[in-house]
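There are two complexes below, and they share chain A, which is joined by chain B in the first and by chain C in the second.
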Partner chain A sequence: MAFGPYFLLATLEGLVTAAVLSLIALGLSLVFGVMRVVNVAHGEFYMLGAVLAWWVASLFGGHPAIGFMVALVLSPLVVAAIAFVAERLVLSRLKYEPEATIVATIGLLYIIQQLALTFYGPEARPVEAPFHYRMQLPWFGYSAYKLAVIGFSIIMMLATWFVLTRTKIGLIMRATQFDRETAQAFGIPVGRVYAGVFALGAGLAAVAAVLIVPIQQAHYLMGHDPLLLSFIVVIIGGLGSLRGTVLAAVLIGLSDGIISMFFSPTLAKMLATLAVAMILVFRPQGLFGAAAR
Partner chain B sequence: MVEKFANQHKVDLVYGTLFSHVVVGSAPAAGELKIPYYVVSEGYHVASGKMNRYCVQPGITDVKAQARSMAPWIAGNLGKKVTLVYPDYAFGHDHRDFFTPAIEAQGGQVVAKVPIPPTETSFTRYFPQIPRDTDLIYHVMVGPAVLTFVKEMGEFFGSGGPQLFGFIDSLEAVDMGSPGLEFLEGSHFWEGMPRYAQPDQPDYVTAYREAAGIDENGASVNDAKDVSTAAHMFGCWETLNIIKASMEACDYKGPDDRAAMIEATEAMTEMEAGPDHPQGKKLFNGKIHQVFGEQSISQVKDGKLEVVHRTSIEDGAYEPEADYTAMSF
Partner chain C sequence: MTRLTPSTKSIALHVGVVLLLLALNFLLPEYHRGVFARVLVLAVFAMGYNLAFGYTGLLSLGHAMFFAAGLYGAGLTIYHLEWSVWPAFGAGLAAGVVVALAVGFLALRTTGVAFMIVTLMFAQVFYLMTLYFTTYTRGEEGLVLPQETRVLGFPGGVLDLSDPSTRYLVALSLFAIVLAAILFLVRAPYGRSLIAIRENEERMRMLGYDVFANKLMAVVLSGLFCAASGAAYAVLFGYVGSGFAAIQYSILPLLWVLVGGAATTLGPLIGTLFMFYVIDTASSYTTAHLMVVGLVLIGVILFFPKGIIGTVRERWLPWLP
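Now for the complex of A and B:
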């Protein structure tokens, strides 16, 4: 294949990766930004979103779009509810101490993963895409659904941005992030805000998962790779920075797509990890993160 | 794991369907503990002579024989310029290393090799490596992402791409009716044993399918969506029968007879097709501890796999490169 089309395909693939990754990483970044909790179980909320999407979609007959749309609404809500309960039962009782919450979320990771293995099984199961359309370009064909994933992800990012910057809930979240104790002194129920943010973060991962299951399949081990990549994105973008997360996701997604295609996927992962190391050495707060106060 | 079986559970023997790297990793322990290890893995490692006297693979043919037996039919019917797409570890390397000389012997050539890491979940990025002038893509993929692999191949090429010849591993346990697989219509697959009930199948095959609990589409009789690994799972059935026959032949009483049991298996040669060997007749080579058998080539017709050719045992046969019987127990 000539360079032009080759590059186009690499860019498209990179953008799909970026779209999904930015949603997952945004959830992780929100949780860290507001709560200062490193949520190691984040990838498992993503997996749970995919597994639930399969379950919901399999309940509906008729046009595949019906099951998919219901899954897109229900699955993130259920995952968010589970995360809410986990936050109230576990994290809040640990008083959000950094070391304890890391260990606790590692525990959560294994519990969710093994429950999925026990009740869902080891199979990889597909969810039918809401529509099938294969675009035939002169050099190769491409799935129109993948482009829809990019579009929907952009809408979700804009919605999150709107909530954070233009609504009262967003204001409360930002106030809690800025100074927890002062926020509490002003009557903000910090505990409930934390639980809400944790649920929102998990819900965003679940949305990403529902979008991806028609392309990849729901599988109980699918949370590993996205978790690693989201950490990379969040560290590069700056923990807690929405703008940084999105830009870093696009950067990592595109470089992953392009480097993987022209060289090798392993090299792409190596370069991303190297970028993280460089950021940690020279700009520990990330590209757009605020320096520690 | 093998030690746990031998010392904690005190088993008589170890038997299993495992990834090739697991077999290679656990074989030395079986040798040290002097416990028979009946492998159902397809890899060439047992036949290569690199394992030990306690490792045998009597119930399923190995990749070397499978790949060799496919080459003449592929060169004669589908094309001679082949691109190989395979998982980047021992099992995939066996395909690469054994199919390449086999197709060259038929006057064909491998124009490109596309190894894919076994943990990969996204495949479109690999397809541009397939040269435009390739006649045929020989694909074999394993793991939970196989459906994504085949679907993305369909999105990339549509129905206008090169011919496709796949090892059914690429779609094992996947419903052929899954959305996005329509482009496979007319393409060919290797199958150890046919997934779909064939019109001319003997009674013992019907009996085997009933006993295993699979319907005419190769899915569970209880759940039509639960597709079995029909192309491979006969290997477990046949190996169990061989274990039984070996134990009877050496009058097995307990762990003291383990060496005698291996010798009984080594003494086996021809195995007639029948209830004990529903996949077909086999020829066991005691020197390399490996069985040889017939293979099926099936074509996708109306979304189902129909056997269009059956290779002979001779098509896959090769010269032994080792002699386990010369090793001490």
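Now for the complex of A and C:
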């Protein structure tokens, strides 16, 4: 077969990865940007979203779309609630000290992973896609659901952007990010804002997870790769920069799709990780970030 | 009796600990002697980590690569090149120093959160490399070193490292050497300058210290000790696999040091021992040992940020090094 069809397929797959990745990375970036907390458990919130989606969908009979839609609403809410509680119980008591919070979120990672393994089990389970339409492209048919994932991610991203820049809630969040103490002096309940942002970040990861389970299966170890990839995205995009995060997600998603179509995926991951480490060493503000942070 | 100086007291304490561990070789039942041998080797790993994290304040999330460099440096030379144990152990140490030098040189350009992520990523690259070169390393499945290669040659004869008693004594010797080295280091002016860098890097720079060179030296020494632990693990337990390069083995020394007490000489040993027995006890009741690791991590960071020995030092024995 010619180069064309492979390339188109790799690009489409890359775009799906990019769409999901930018939602996950957006959550990580928000938490880091506003709270200055590196949330190592972020990948586990994603995994939890997928596992809950499977559980919710399996409760509903009938058309698969019903279960999926309920899961798309319910699973992120539950994950956000869990994140909220974790923030109040643990992170807030650590006074958001960077090193202590990393250790605590590592602890959280192990706890969530073990809970998933104990109650969900080591099997990988799929969720049925809400519809099975195939779109005819020049060389092959392509799942319309995957294209819908890209579309839905764009809507979610626009919504987040709107909330951040055009609403009172967004203003409060940005004020807290800009100067925590001054915000507090102006009567902004910083603690509640932090808890809300942490919950929102986890919720975004869960949305991404629900979108991906009809394509990949839900598994208790599925959080590892997205965590690393979204770290990479957030760093390349510049920590805390929204536009950079999305740009970097598209860049990483596309190159990951294309490189792993033509080369070994292990080699692709190795080179990407090394490249990002080097970026962080020589250009700590990221490729698209502003200078000082 | 005259009052002992803190220096005499601390040396007496450390000699006492090593003697106690020596006595345990003859007192412990077989199973627990095996556990202790493993703990002693891994405590060296934790002590190496402690030098960077506890004393110098460099929170690395990538120390698995130094441990694995030692492990593979010794394991691969024995398995593929049929080297004997002494040169293979040397190769492990050399691999650790080279990796530490390269990683330290690059990663130390960053600080704080960026340093953690950079070390995490270098370690991930190392882990992926062990998977990528699977023809030599056999990846996750790993290599088992045959028993006849695991003998330590001496002018007067050979020691079979797979024998439980020999294994314990060799592990204890390594532990004692590294403990002595760390004790010497942290009491020497160099160790004091590392602690000072941890407390206030800017002031040290202003006082004319070369902060970068001091930190690089700390990373290299830390890498050397971790590699020694890895190389010893390979020859004593005869197994080399990618699992030891994975992120979990970067988290574990952090956990052990935090539980035992960061920036204490004996904390790493106590932390490693404590966590081994906590997991051992927990796994006889439940298979959910990751849960225990997670809960202990959160519990320690919330309620005992100074760890076991750190709390003892704060409350009762201020002279503990």
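We adopt the following convention: the second predicted complex is superposed on the first by the 285 of 293 C-alpha atoms of A that agree within 3 Å, B and C clash if a C-alpha of one lies under 4 Å from a C-alpha of the other, contacts with A are read in each partner's own complex, and residues count from 1 in each chain.
Basically, a residue touches a chain if its C-beta (ideal position, glycine included) is under 8 Å from a C-beta of that chain, and two chains touch if they have at least 3 such contacts.
Everything numeric here is computed off the predicted structure, so don't read it as measured data.
Novice: Could you tell me if A:M69 is touching chain B, chain C, both of them or neither one (first, second, both, neither)?
Specialist: Neither chain B nor chain C is touched by A:M69.
Novice: Between chain B (first) and chain C (second), which, if any, makes contact with A:Y6: first, second, both or neither?
Specialist: first
Novice: Examine A:V163 and indicate which partner it touches, taking first as chain B and second as chain C; both and neither are also allowed.
Specialist: Neither: A:V163 stays clear of chain B and chain C.
Novice: Once the shared chain is lined up, is A:T266 touching chain B (first), chain C (second), both, or neither of them?
Specialist: both
Novice: Contacts for A:A148 in the overlay, against chain B (first) and chain C (second): which applies, first, second, both or neither?
Specialist: So A:A148 meets neither chain B nor chain C here.
Novice: Based on the A-chain superposition described above, do chain B and chain C contact any of the same residues on chain A, and if so which?
Specialist: Correct list for chain A: 266.
Novice: Which stretch or stretches of chain B touch chain A in the complex?
Specialist: So the residues of chain B touching chain A come out as 117, 119-122, 124-125, 127-128, 132, 144-148, 152, 154-158, 173, 178-180.
Novice: Could you list, by residue number, the parts of chain C that touch chain A in their complex?
Specialist: By the definition above, chain C touches chain A via 59, 61, 106-107, 109-110, 112-114, 116-118, 120-122, 124-125, 128-129, 131-132, 251, 254, 258, 287-291, 293-298, 301-302, 305.
Novice: Within the complex, which stretch of chain A touches chain B?
Specialist: Within the complex, chain A contacts chain B at residues 1, 6, 9-10, 13, 17, 64, 123-124, 126, 128-129, 132, 134, 136, 140-143, 215-217, 219, 221-222, 225, 257, 260-261, 265-266.
Novice: For the complex, which residues does chain A have touching chain C?
Specialist: 38, 90, 93-94, 98-100, 102-104, 106-111, 113-115, 117-118, 228, 231, 235, 264, 266-267, 269-270, 273-274, 276-278, 280-282, 284
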